[in-house]
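Per-chain numbering from 1; labels A, B, C and D assigned in written order.
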Amino acid sequence: MDGASTRNNARRDFYERIDGLSMAPLWESLHQLVPPSPAPKYVPVAWDYDKVRPFLMESGSLITAKEAVRRVLILENPALRGTACTTPTLYAGLQLILPGEVAPSHRHTQSALRFIVEGEGAYTAVDGERTIMHEGDFVITPTWTWHDHGNDSSRPMVWLDGLDIPLVALFNAGFAENGETDEQPITTPPGTSDAKFASGLLPVDWKPTRQTSPIFNYPYARTREALHGLKKAGPPDACHGYKLRYVNPANGGSPMATMGTFMQLLPQGFETAPYRSTDGTVFSVVEGEGESRVGDQVFRWKKRDHFVVPSWARVVHKADSEAVLFSFSDRPVQERLDLWREDRSGR
Amino acid sequence: MDGASTRNNARRDFYERIDGLSMAPLWESLHQLVPPSPAPKYVPVAWDYDKVRPFLMESGSLITAKEAVRRVLILENPALRGTACTTPTLYAGLQLILPGEVAPSHRHTQSALRFIVEGEGAYTAVDGERTIMHEGDFVITPTWTWHDHGNDSSRPMVWLDGLDIPLVALFNAGFAENGETDEQPITTPPGTSDAKFASGLLPVDWKPTRQTSPIFNYPYARTREALHGLKKAGPPDACHGYKLRYVNPANGGSPMATMGTFMQLLPQGFETAPYRSTDGTVFSVVEGEGESRVGDQVFRWKKRDHFVVPSWARVVHKADSEAVLFSFSDRPVQERLDLWREDRSGR
Amino acid sequence: MDGASTRNNARRDFYERIDGLSMAPLWESLHQLVPPSPAPKYVPVAWDYDKVRPFLMESGSLITAKEAVRRVLILENPALRGTACTTPTLYAGLQLILPGEVAPSHRHTQSALRFIVEGEGAYTAVDGERTIMHEGDFVITPTWTWHDHGNDSSRPMVWLDGLDIPLVALFNAGFAENGETDEQPITTPPGTSDAKFASGLLPVDWKPTRQTSPIFNYPYARTREALHGLKKAGPPDACHGYKLRYVNPANGGSPMATMGTFMQLLPQGFETAPYRSTDGTVFSVVEGEGESRVGDQVFRWKKRDHFVVPSWARVVHKADSEAVLFSFSDRPVQERLDLWREDRSGR
Amino acid sequence: MDGASTRNNARRDFYERIDGLSMAPLWESLHQLVPPSPAPKYVPVAWDYDKVRPFLMESGSLITAKEAVRRVLILENPALRGTACTTPTLYAGLQLILPGEVAPSHRHTQSALRFIVEGEGAYTAVDGERTIMHEGDFVITPTWTWHDHGNDSSRPMVWLDGLDIPLVALFNAGFAENGETDEQPITTPPGTSDAKFASGLLPVDWKPTRQTSPIFNYPYARTREALHGLKKAGPPDACHGYKLRYVNPANGGSPMATMGTFMQLLPQGFETAPYRSTDGTVFSVVEGEGESRVGDQVFRWKKRDHFVVPSWARVVHKADSEAVLFSFSDRPVQERLDLWREDRSGR
């Protein structure tokens, strides 16, 4: 037996002896624990709404919203099956609520976003106030707020749910409670939050107690107008087209502390320069058609399709018609921890 | 001579001898320097627009906007004559710009607010972008931004100017420059700032470099809608009615670091509970009629009138018809220095 | 087949059909994903230094510090074997450096803390400055700083390493580089950081560019004196005894954004009231003897022992002699995300 | 009468007619109100301690500390006589307390600093805790804290008082109260604040409620060591020598919100490059001899002398022996209002 073998055997023997003390040698795994650059274990993936929608509607006949509590098909990353994770920090799913149904009131530590994909007229209630939802609206049900949903319209309504479930799970910091009634008592007229917080002013003595935005519906009509105003104002960003981030007007941060949310317009024929960043991102197509190259894969997309760009995967978007993309990621958390990086070099 | 007289003489003699060294005894003035509660040396005052307007129009024939640089009648506190002060920290004046005139481009350390009192269609330009102004709009020209005004409409236009001139003067921290041309070059289409910053979203990679709001026109249409939304939502505050503060969406603070700006709606017949705070405040009546008791004085007011409530003076507003009041003060500075106090007790 | 079976079969069949689209039903896992309160999957565990130390010394003969890069025995949670995790967000290990050895220079996104367990006289160098380490010193090598260690003393030196490896891994945001030389060039005399940043003053024009503390060695002599000063000043906190948190003097936050670090003194005979919080915590015993009940387990401890209290596990410490405990957790991250909770009720 | 005269007469007549309405034309004073650069109306001035001290001691026989409340000789700016102002925003004075005397307990909105000029052994008490003062110590009695002073030593004690009296006066935001007893009850052992807040750690659950530093004595021994540590570490700054700012460890800001405080070391023979900034500054010489050119004036100075550098006045310091200078100004307020500027160009 040569020196190297002897040494290796001695080490192996050592590893076995320390194993019982719940110890392990760092040097055997250091390189993997502290990699030279991100090497995510999850993958790019897309969901074609034409294929997804029939199943979504079928789910409406298999279980009621009330029995399901939330009737959602999880958009699960193929590399993370069984974990309910779309990215390692984020959960995404498509929720269906049929006319007359109610998704009963509860609250939890996890923050949730709702991005309206199809339909119009259902409501979300948050802490005593309801808002009617329309396609393209971005609605939040922040951490520890009572929330329920109901559909008083005559059509099914579908939205994208985004939650920080994996992140809260990692911290083992989650709590939850069910409401006493399916529909929480309404104490505030609709439109109140919008009047109080979304006009460029705030109530004179209002002091935020949490970091979450006091606006809970960012309507698409307003967002769309902003995108088109931006477009008139100057050339698009090479990597993003015209891209805005949703904001909490009380502090300039993201509407919820754990998730950043974005809306971008790609002019017809525009192709973005290659771009990557450390925040794995879930996209929802709001308008238009086009394709995105994510690492080695190409996803064709149209209105209501969804796809995932993992951390540090290079992405190029190309819009055949003028297109609008909603997206969300954990970027605000990474930024606050000095972790976020981007690469616009294309190399 | 008794002991007290001897002592007093000795002290007086001492004071004279130290005078030449630029020294003085604190104990003779301590109580006045550190008063038990605010004892402002300025007074409540009001300006009736019916009386002010003819002079304002007359000023239009006495000097051009260009020659005056800013053709403004200062609203000077009667107790502070000759200082151009409306309160000890704030300057207010009414500015007139006639059709076809230009108030030439300059910039200065002092921050300015413009609250539109009469007319419609003139513009303010700030750092390369113009905004058209309407009655009730709140427009800012923040510290060290290039700004000019012009009137392309067919009517005279009048606005309230509010500046932090006395505050900057106290710090001896003011700088100013004139522009190379009367009208600064326009580099950005109108509406750009509104699209980029006033929609509840912000450009994805935009980082503020100053504390001033990136929104430079807060239109009255939006503000008014917010006030009426608030009114629908619940009862008025006893001391304020329905009162909002203008906000910088990038940080939740005031649009400019040195001045707080507010808009409040008083329902018809509403009388506020007695209130006082340490921030002396300038009011501009936007809608309605009523009266305000400020200390011992009562001011009747109607649309376009102005009045001043000094620091710690008790105020009661009473609205005969539904009324809307704009106001501004140095409250954000006092709050940041832990100096601001209010008293809602009425005692 | 009854209704329930039929329905279940239909659902099962449905689940299989959507599986190929990378979708799954939320309602089957909702309760587990959003639990009523934290149910961590990791366990309390302790390491007796008497048992650990011989292995640590043996590792010194199996591999050099240079070959290992960092010769560390990972303190791996028994429920998380194979992951190098001590808690789901934190890594802890014991590092040995022998006289004359060097742990070569590198830098990485992950932040590291070093808490000195045994020995004296080795150095840590961070971005061009060295500090000599003594037992009880708390030393940081923050995110993306060049750092290396060397032992110029005549005795082995052991310290506790704490890193945010699992957290950075979850975000897939880690980068790393090796230095050009084993020992980085020294550009700054020892003691410079302490003089510049640890005296209650800061260099007049210094502006922090990261959130990490500019102090990189918090010496035990100073910390110990503070604990004893606290003890003289009043009674201990029921749950914590006398407990301090290390601070970044430039912002009042934690020395590194991702980890909170604490030092507490338990008077002789003192038993803490039951306490739990959502931040799983790693403890290192600095002085004294005692025991801690963590959930259902009791760990006896003495100087240099280590143990883990998982999230939301109830803990009671009892000191036989006056004892000092160092600890670290992810509390500052949880606090910034509005996730952190504690329970002092004992129920 | 020519056109210009006619116009001027018309204007003058107009000014008289608007005068009764408390209005004035801006255009006659605009240039002065918005100057191109700071043109302070206060002047450089110095106080030679050899000349001041006899008067200070004489004041001890003219009035007791108790009768005076605070026996202080105000260092009044020659251009601001009768205002008790040293600069337009700051008050400075020299306070004497004789053995056995007490300066009775009170509190006020104004923040005060005490910089110890001569003597040793007197105490300052703040909110229930006493600290013994030594030459060079920097002690704060922040806004609205109860404070009193007493001299249990056998020698007279003199310190520099610095207060934000003019600033608080401008805002008309000052309140004051006398204590029920001359000496406030002591509830906390001496050294407690130092142990809790000055060690690089903070009590684990302590949350600041004001912006003021929880440290109330920054001892000279520690500050001096820091200056000499800095000196060993590298070359001096061209304009400042080695200059530190005192810091509130809870937020990285100044110990009190309204005043910045600084300590700088000038090596023997060192002459600073010309420098100016917008914060008018009061200096107290702690060690050494030298001279300062302030605008056109030259002040020779030695230990315990004081001098004032007005806003935007150019200053050059020259140290004959190694010298240490304490100074204070309103810089933190100006910085928070985006007003502060400096000029290191020497032009």
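In this section, a contact is a pair of C-beta atoms (placed from the backbone, for glycine too) under 8 Å apart; a residue touches a chain by one contact, two chains touch by 3 or more.
The chain list, named the UniProt way, goes like this: A, B, C, D = Gentisate 1,2-dioxygenase.
Because the structure is predicted, anything quoted here is derived from the model rather than measured.
*Asks:* Through how few touching steps can chain A (Gentisate 1,2-dioxygenase) be joined to chain D (Gentisate 1,2-dioxygenase)?
*Replies:* So the least number of steps between the two chains is 2.
*Asks:* Taking each chain's centre as the mean of its C-alpha atoms, give the chain farthest from chain A (Gentisate 1,2-dioxygenase).
*Replies:* D
*Asks:* Averaged over CA atoms, how far is the centre of chain A (Gentisate 1,2-dioxygenase) from the centre of chain B (Gentisate 1,2-dioxygenase)? Could you give it in whole Å?
*Replies:* Centres of chain A (Gentisate 1,2-dioxygenase) and chain B (Gentisate 1,2-dioxygenase) (C-alpha means) sit 42 Å apart.
*Asks:* In angstrom, rounded to a whole number, how far apart do the mean CA points of chain B (Gentisate 1,2-dioxygenase) and chain C (Gentisate 1,2-dioxygenase) lie?
*Replies:* Roughly 52 Å separates the two chain centres.
*Asks:* Indicate the whole-number Å distance between the mean C-alpha point of chain B (Gentisate 1,2-dioxygenase) and the mean C-alpha point of chain D (Gentisate 1,2-dioxygenase).
*Replies:* That pair's centroid distance is 30 Å.
*Asks:* In chain D (Gentisate 1,2-dioxygenase), what residues contact two or more other chains?
*Replies:* Expected reply: no residues.
*Asks:* Assign the assembly's chain-to-chain touch graph to one of these shapes: line, ring, star, complete, other.
*Replies:* Per interface graph, the chains form a ring.
*Asks:* Per the touch rule above, enumerate the chain pairs that touch, sorted by label.
*Replies:* Every pair of chains in contact is listed here: A-B, A-C, B-D, C-D.
*Asks:* List the residues on chain D (Gentisate 1,2-dioxygenase) that touch chain C (Gentisate 1,2-dioxygenase) in their complex, please.
*Replies:* It is residues 188-189, 191-192, 194-196, 198-205, 208, 215, 218, 222-223, 225-230, 232-234, 237, 240, 243-252, 262-264 of chain D (Gentisate 1,2-dioxygenase) that touch chain C (Gentisate 1,2-dioxygenase).
*Asks:* Where on chain B (Gentisate 1,2-dioxygenase) is chain D (Gentisate 1,2-dioxygenase) touching in the complex?
*Replies:* Per the stated touch rule, the residues are 7, 10-11, 14, 17-18, 21-27, 29-30, 33-40, 45, 47, 51-52, 55, 58-59, 62-63, 67-78, 81, 84, 88-89, 91, 93, 108-110, 143, 165-177, 210-212, 257-258, 278-280, 310-312, 330, 333-334, 336-341.
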